[in-house]
Structure formats: structure tokens, C-alpha cells
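Input: a single structure, listed below in C-alpha cells.
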Amino acid sequence: MQKEETFVTKASRLKLTNEQLIDMYRTMSLIRQFETMADKLYALGKVHGTMHLSAGQEAVAVGISRATIKDDYLINHHRGHGHFISKGADINKMMAEFLGKDAGFCRGRGGSMHIADFSSHNLGANGIVGGGIPHSLGVGLAIQMKQLNEICIAIFGDGASNEGVFHESLNMAALWKLPVLYVCENNMYGMSMDVARATAKLPIAQRAEGYGIPWYYIDGNDLLTVYETMRDAAEFIRSGNGPVFVETQTYRYFGHSKSDRNLYRSKDEIDDWRDNKDPIARFKGQLIDHAILKEEQAEEISNETLAVIEAAVAFAEASPDPDPSTVTEYVYA
Amino acid sequence: MPIPFIMPKVDMDQEKATIISWEKSEGDLVKQDETVLIVETEKVAIDVTAPATGTLVGLKFKAGDVVPVATIIAYVLKPGETLANIPENAGKPTQLKAAPEVVAAPQQSTAPIPATPLAIRMANELGIDITLVPTSGHRIFKEDVEAYAELTNNVTTISQTKTDKIAATPAARRLSRETGIPLDSVKGSGPFGRIQAEDVTSTSVTTPQSSSDRSAEVIPLIGMRLKIAQRLQASFQEAPHIAETVEVDVSRLEVIKKHLNETAELNGTAKVSMTAILVKLISWALERNSYVNSSLINESIYLWKNVNVGIATSIESGLIVPVVHDANLLSISQIAGRINDLSVRARQNKLELKDVQKGTFTVSNLGMYNIHQFRAVINPPECAILAVGAITRKPIVVDKNDSISVRPIIAFTLSADHRVIDGVVAAKFLNDLTKVIEYPEILVSSIS
Amino acid sequence: MPEITYLEAIRQTLWNEMKRDERVFIIGEDIGRYGGAFGVTHGMLDEFGEKRIIETPISEPSIIGAAIGAALLDMRPVVEIMFMDFILLTLDQIGNQAAKMHYMFGGKATVPIVIRMPGGSGSGAAAQHSQSLETLLMHLPGLKVVTPSTPYDAKGLLTTALRDLNPVCFIEHKLLYKMKGEVPEEDYAIPFGVADVKRKGKDLTVVTNEIMVHKTIAVANRLASEGIEIEVVDLRTMVPLDKQTIIESVTRTGKLLVVHEACETAGWAGEIMAVVSESRAFDYLDAPMRRLTGKNTPIPYNRDLERAAVPQEEDIEREIRAILKGEY
């Protein structure tokens, strides 16, 4: 990407106003607050099951959501909190679902791994690695048949790219020129498996070449790069040119799930990403450097987003648990 | 406010963790995210880091202690804070989660009574204190309990608990419960001597009753049977029954029956029965004895203008009385057709309400069952019922010279409600009936 | 009433429903010009075009996945899986995705898809093309499982399947495709969860489905000449299961034989027996409940071996006689 281009030039070329930039920062901050709170709640024993936190990957989520339209359909992976938040999901309902409450998005039946909000075209997170990828075919077909303007965004991790359905789906999406944006969110580890040990040839995105799908391999921690790539890809797809594949290189700070002791990676590696490549710190630095944001403002945003999350926790904790007698509700429609 | 330092939950199904070692001591300065202690779950050892920067105080547990997750294990004080700020519930699990009690290390397990569940159950059944049972090994087994029971003269109980279960199908067991027939009194005809349902039902019919106990098929008094029971009980209790019997020579009727059936055969119409002929003749007698053709309803006597003769009919589920309406106006063959239709439909359970309503008199004929003479219970609100016996060939005196001749005889017994019908009234009806049976030409105009 | 085959009844139903509801489309392998492996979709490409008769590469899991995605957008996809055996390739999409979505998303998502799959042995297709895997599907709450035995039932049940909001596995026994029967031309639907007593009888109840219904009826007709009256209960839908009819029948006859082609271990015969055991019918049992099922073996190729692997009429007759004679 154009290295010489300054942040400001890039932002203005992308027609992003300062308000939009600050809003993007706020959303990343909100995601980080949510994930940090989730970790705390877990330690307190308030979370029944497991969870997969996306702290460190905020730029991918925000970049995609801001580069696409609200009604685009989202198919999500298990580490999906960030994508939901940036797509505008109700934080209270998310937190309530996280704590297994009746007021949650799935009335306590899904939990962290299965949050979905069909009213906002958020078709749900998937607990099966790669399980949601083929759904993109049907969403794409339906969009074609109904002649809708929306596209489908199918997000999955590096691990999912080694599932059979990944290849089957790319093939069919290409064959039928389906309006699907495939995003491989490469955070370097499939649970504990290093992507380099799992994937014969990197980057993953080059696999799309074999299916005749245009592809990008980008820095997923640079918000504006993510934004620009996704915007261009979405436009290409929306114009009826078929699918596009984008691989975003990023990193997760927390373990795979809560049972994780990070035995497969070094503290130095984690610290390096945290200290030098953090998407939020990086963006904040850029905004402050170019006087778009002041330090006090950043502090204010941090307090503000924390307040939102704390209110969500209060809402969730005050919500009743689902009535056990309703356990068999929703097995059948 | 001092910041509580909790035992973190790090694993999905984790309830507690063991403290391996403290890396910091009471009063040490700690930095946020600095390792303070190492704990071990069932899966892994974890470095637990400080929740904030400050002074570590109020350490509640030592290395080796097993601590439920979410329990406060220490506090971190900010500058200027003291231990006095620590709330009361330090060391207790935080709200929301009912964690198990803290277990101090080292753990010494107090062994329960070493007995197998079967041994414990058996001891309970035998009323034996399991702790008194000597063991032959590391545990108390069933055999130990049995041996102890034998020693303490519990042998009979033992043999009872050892009694083999009787092999019987669930259906047989149900029937046994319902009838009260004990299964051990039934011989099984099934494979391996298993008792089948049929074995139980046949026992109820054929097995001689033991002196101490009776066995029966128990049938609940419900539905039609209950109605019959209630009606007849009411009738017999409320209506003072009187009964009068006449024996009548029916030779002429047999001739008429033969004649009518020959005609029916020629015409291809239905055969007539003795009942049909009798209904015709009874109707004739009823027309002339209106008190016998009456009902007692709400302290009023209804002398019916119509002659509607009910025929008591036995069906599988009980007794039903379909009615030949206006029998006095019908010919014998019409009556025969009507009775035939009613009895067929009665057996198919296809009678309609109107078929059984508005009777004024009932005839009950047990002739076909070879009953010579019997008394019937009045079918309320009617006031009389005629019991018809079998045709019996009897020697009787047939003329003034005391000549004896063998004739077909039927005994007719009229049961009458004495509230309405006096003995003489009943007798007059029976005399009329006798007359018309012996001289049917009285109503010759109606015979066809 | 016109007589048509089971296969034609299915085609007619799909055809009519696609005319009636433009959201319905068919997706699967070789369903276009080829007309599907068994010819069910023959002629439909010309009528409906390739936008609604969507031929796919050989990618079963993603075919089902595609149907799920379209269903989430309120389409009504019908998937043809060429052989039921191939659902083993797709179990994630059927079991973890389609079956679970309505529940795990708290009732927000519905997945109205119909997955048609020819099952069963008898065609010499051997181990990987002859299985009866309905039990596998019955064990996944969220799925409905349908096993029609006649052309009439096939049409009525498929109509219901196409209008149901849940994922429906529609199992077509290959040997039934050519079977003829009276099928009304007009639209009708047979509700799920209503078993059909295909033959009344008082002496013994046989609970069965698909092709075994016909084998059992043939046996029952023979036994009737000896005064033995067998009741044949055709379950028609495995999920939902018509427990009431089973219970009532066994309460009357006191004897139960379950016949299925699927192999024995953990087969649904055990489920039927459990239903009876848990009900009032238990107290009317006058013989051990028995099952006659496919053997615990893959389906072999050789004709005689293949016959030996699944219940035949003579097996059913022998088993019924044994129960009635009290041999068990």
C-alpha cells in the first residue's frame, strides 16, 4: 500500500470526516471494553460457559462494518463480539446473552458463541469452525434471486480455511458469481495451532487464486487499510462481479478460550503485538498526531465506553434467567 | 476502597483451585498484572496476577489450600488505605455463586462405611445395622450381610428376599392386580412357564376357590350396567311387586305359526317367531286391561291409549328394551319384521333413542333358554311386565271327563306394581290373555 | 383417481409447489438435464430454468449449507442428496447448523429446508449407497424425519414438508420409486406425526415404515386366511412420532413387533419399545416386545447376501408366528 501517503491524506481520499474517524475509534474502544469486561466477569465466575475474546482484532471488525452498508448480511465466526458491536448490536442484549439471561439476543440459549440478531441481518456466530462459510452460498443465491442490493460478508478465521467447506464454497461462489465478501481473519492461531504449521502455503488468501477470485492480503491492524480494502471489495461485489477474498493479518491477545495458558506462544510475542501493533493505540496515535483527537478526549471516550459496558452488565445482571420450564421452546419453529 | 483480589475462574467447568505458592507476601508492593501467586486447577497451573497496583494485604489462604473460584483471597490497598477498610465478608465467596466451602489443606478423608450399595440396601431391608456386619475383605458385600443375617436368625427374611420373581407378562400382572388373583396361584402356559394374560383370566373361571381367599374377575359397575342396576333397584324398592302365573295351552299358536311361516316362505317374507305372535295377542289383552298398560309418573297413573310393547333383549353389554310401538294396530308379520329389525340393530349397538322410548308394557321371554317359569322386575315407570317361559309339553286335563292329553304349555307370570294394579286386575288381564291364546280366532280379523 | 408412481408423486408435488411458491427452488447434483440420479427432477429444468433447478459440483456439505443460507433469507430450498449415504458427508451442516439454528438463536432464525434423500437397500448398490440412516437423523432435535411408504403418502407428506418452517429430512426408499398408487391430482397435505394404520388387526401390532410396510401387509394378508389378524402401523413420520397410535394399538393387541430395514443396534425399534414400556400399553403386553431389523452389517453387494441383510417377508412371517406361538 502507498507508504508515503500520510494518514490525513488517506483519510481525506477515503472521504472520512473527523467525526467518522472518532466514531470508528470509539467503536474500537467499546469492543475492547466489552472484551476486557467479559474477561473480568469470567474470572468472577459469572459466565457459565466459555467465550472467545477478540481483543487485538478490533480494526478488522470496525473496518468491515464501516466499509459496508447496514443491511449487508453478516455470517460470523465464534470470536464474533467485535463484529456484532461494530455492526451496531444492542450491547445490553449482547451482555445479557453472554450471561445467559432471558433478555439476551438468544434468550440465554446461545451464549457468547451463538449471538445473532436477524433483525439487523446479523445471521449469527458459529461454534463450528468454518460451519458458516457455506451459508454464504445460500445467502448469495437468495440475494440474486430476490435481486437485492445487499451483499453477504462471510468472516472466518485462519483455522477455517483448512475445512472442506471453505474450498467447496469458494468454488461455488466463484462459479455462480455470488455477491459474497469472504474475510479470513488471520490471528495466527487456530486454537494453539500456528497458521504456518497448519497451512502449506501462505498467505491463505492466495488460495482464492485457484478459484479465480480476486484476493487481498492486508494488515488487519491498520484500520484505514482494512476500511479501504473492504470498501473497494464491497463495491466490486455489489456491482455484480462475484466474490472477493480478503485476508486480514491480525492477532488475539487473550488465549483461544478460557482454558488457554498460552503454552504455544511466547509472552514476548504477545507483548510485541500489544505494545507495538495494537490497532487501537495505533489509530489513537494517528488521530492525536494529526490533532483530530486530544488525549483528554480519548480519556473521555474510554470512560464513556466503559460506562456503556457497565450499564450493560447492570442490565444483564438485573435480567431474570430463562425459566427452566421453557427449555424445550424453540426446538421447532 | 481496597480492591478485592479474587481466586479467578479460568476454566469452563472449574469450581476451585489449589494454591501452589505465593510469590508475594503480606505487605508487599505489587504492580498490576504482576504475578502474585500460582494456583493449580485440574488441568493447568496458572499465574494469577495482581488486579491493581498497591499493597498486598489480608492474605486468607496458604499454599496447599483449595479455594473456590471467585473467593476473595486478599486485598490490594491504594496508598492511604488500611486493613480497616476491608469489608466483613472477606474470604467468603462473592455474591451470585454458591461456591463449596473452603477446604483446608492437607485433606484427610474420613472413609464412609465400606459396603457395596447392594449390601447396604439388603441390610436396610433386613433391618440390620450395616456397621455391625463383619467384613470378609475391604468391603462389606451382599454375602457378608447374608451370613450375618443367618447368624442373627434372620434366615426367614433372607429367604423371602431371595424368592424368585414369578415370570408373568405385564398384562398378566395387570389382570392379577385387577382381579385379586395372586400370581402364585396361576399356572403359566407361556414359554419357561411364564404366566400369560389368558392364564389369569381362565383361573378366575375354573380354579376352585381356596378356603381363605376368593378370586374373581372384577368388573367396575359403570356405563350401561350401572344404569340397569340403578333402574331395577329403584323399581324393586319403590314398586311393591305382586306376581301371578297362568299356564296356557299354546297348541293353536303353534298351528298359526306354522301356517304363517308357510305363507311367509311362499311370499319370500321374514319368518315369524312365537314372540311376534305373543306380542300381538298380549296387545289385544292390553287393549282390554288399561291398568296393566299404564305408567305411574309423579303420583299420577297414566292409562295409555297406545299399546307400545317393549321386548327385553339381551346384548353383550347388558339389557335393552326396544319397543314395538302401536303393536295392537300391527299385523303379526309386521310385528315380526319390526322385532327382527330391532334385535339386529340392538346387537349392532345401532338402536336409536326413539326405538327404546315410550314403552307402555314389557315382555321378557326366556323361553329360548328353557326357563319354564320366572318373575321379572318391572321396567319403570311402566306398571307391569310379563315373563314368558319355555314351551313345555305337559300332560293336562283337556275335557270334563278328565281326559289327559299332552299339550304345549307356556307359563306366563305377570309382575305388577301393586300401587296401581290390584290382584284381580292382574288376574283379569291374564285370563284375557289365556282366552286369546287358546281361542285366537277372537282377533281373526287382525291375523294375516 | 389417477394411478401414478411414487416417483411421479414426488415430482408432481415439487412441480406444483414451485408453481405455487416462487421461493421454492431445488439444489443438488445432476438434477438438471440428467434429471437426478433416479429421475425425480426429470423435465423440471426445462420448466423452471437453471435459476431454480440449481446444479452443483459434488460438494454435499456446502449444498446443504447453501440451502441453509437461502432459508435464512426466507427462501424455500429443496436439496436433493443423491443417496442418503452421502448425508454422512454433511452431518455438520444438518446436525450442527440446520437442526440447531432455531434453538440456539432463541427462535429468531428459521431454517425451512427440505432435504430429499433416497435410502434403503435392494438395488445392488452395496455398502455406501444402500443405508437406512433415519435413526441418525432422529437423534438430532430440530430435524423432522419423514419416511413415506406410498405414492399417496409421499405427495401429502412432501407437501407438508415444503410448507414446514423446520429442516425436514425426506427419505425416499429407492425400491418404492416405481410403486404405483392412487394419488389425487389436487393439492393435499398429510400432517406430520400422524401414523397410518394400514391394516387393522387384533392379534399383534407391527410398527414399521417405508418398504417394510408393504412386506408386512403381504404377510398379514396371508396370515388372515388362518384367522390371524395383524395390525400394521405405518409411522409415516419418525419425527414427530405418533406415540398415541402405537400405544393404543399395543394396548389392544398386547403384542408388538417392530420391523425396520435399518440395522438393529440403537435402531429406532428400541425407541418404539421404550415408548410402549413407558406407557399404559406396558400393562397390556402379553409377550416380550420383539424387533426384526436389518443385521448389524454394511449392506452387501451379492443379491442373496443383500436379501439376507434386511428383513424379508418370510422373516416377518416367521417372527410373527413365533411371537403368537409364545416362543419368546
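A, B and C are the chain letters, set down in written order, and residue numbers restart from 1 in every chain.
As a working rule, contacts are C-beta pairs under 8 Å (C-beta built on N, C-alpha and C of every residue); 3 or more make two chains touch, one makes a residue touch a chain.
As the structure is a computational prediction, the values presented were derived from the model and not from experiment.
For chain A, the chain whose average C-alpha position is most distant is B.
When every chain is represented by the mean of its C-alpha atoms, the one lying closest to the mean of all protein C-alpha atoms is C. With centres set at the average Cα position, the gap from chain B to chain C is 38 Å. In this assembly, the C-alpha centroid of chain A lies 64 Å from the C-alpha centroid of chain B.
Mean C-alpha position of chain A lies 41 Å from that of chain C. The part of chain A that touches chain C in the complex is made up of residues 73, 75, 104-110, 114, 116-119, 123-124, 126-128, 131-146, 152, 164-165, 168-169, 171-172, 175, 329-333.
Residues 42-47, 49-50, 257-259, 261 of chain A are the ones that touch chain B when the two sit in their complex.
Only residues 254, 282-287, 326-328 of chain C touch chain B when the two sit together in their complex. The touching residues of chain C, counted against chain A in their complex, run 25, 51, 54, 56-57, 59, 61-75, 77, 92-93, 96-97, 101-112, 141-142, 144, 165-166.
Of all residues in chain B, those touching chain C in their complex are 169-174, 189-191, 196-198.
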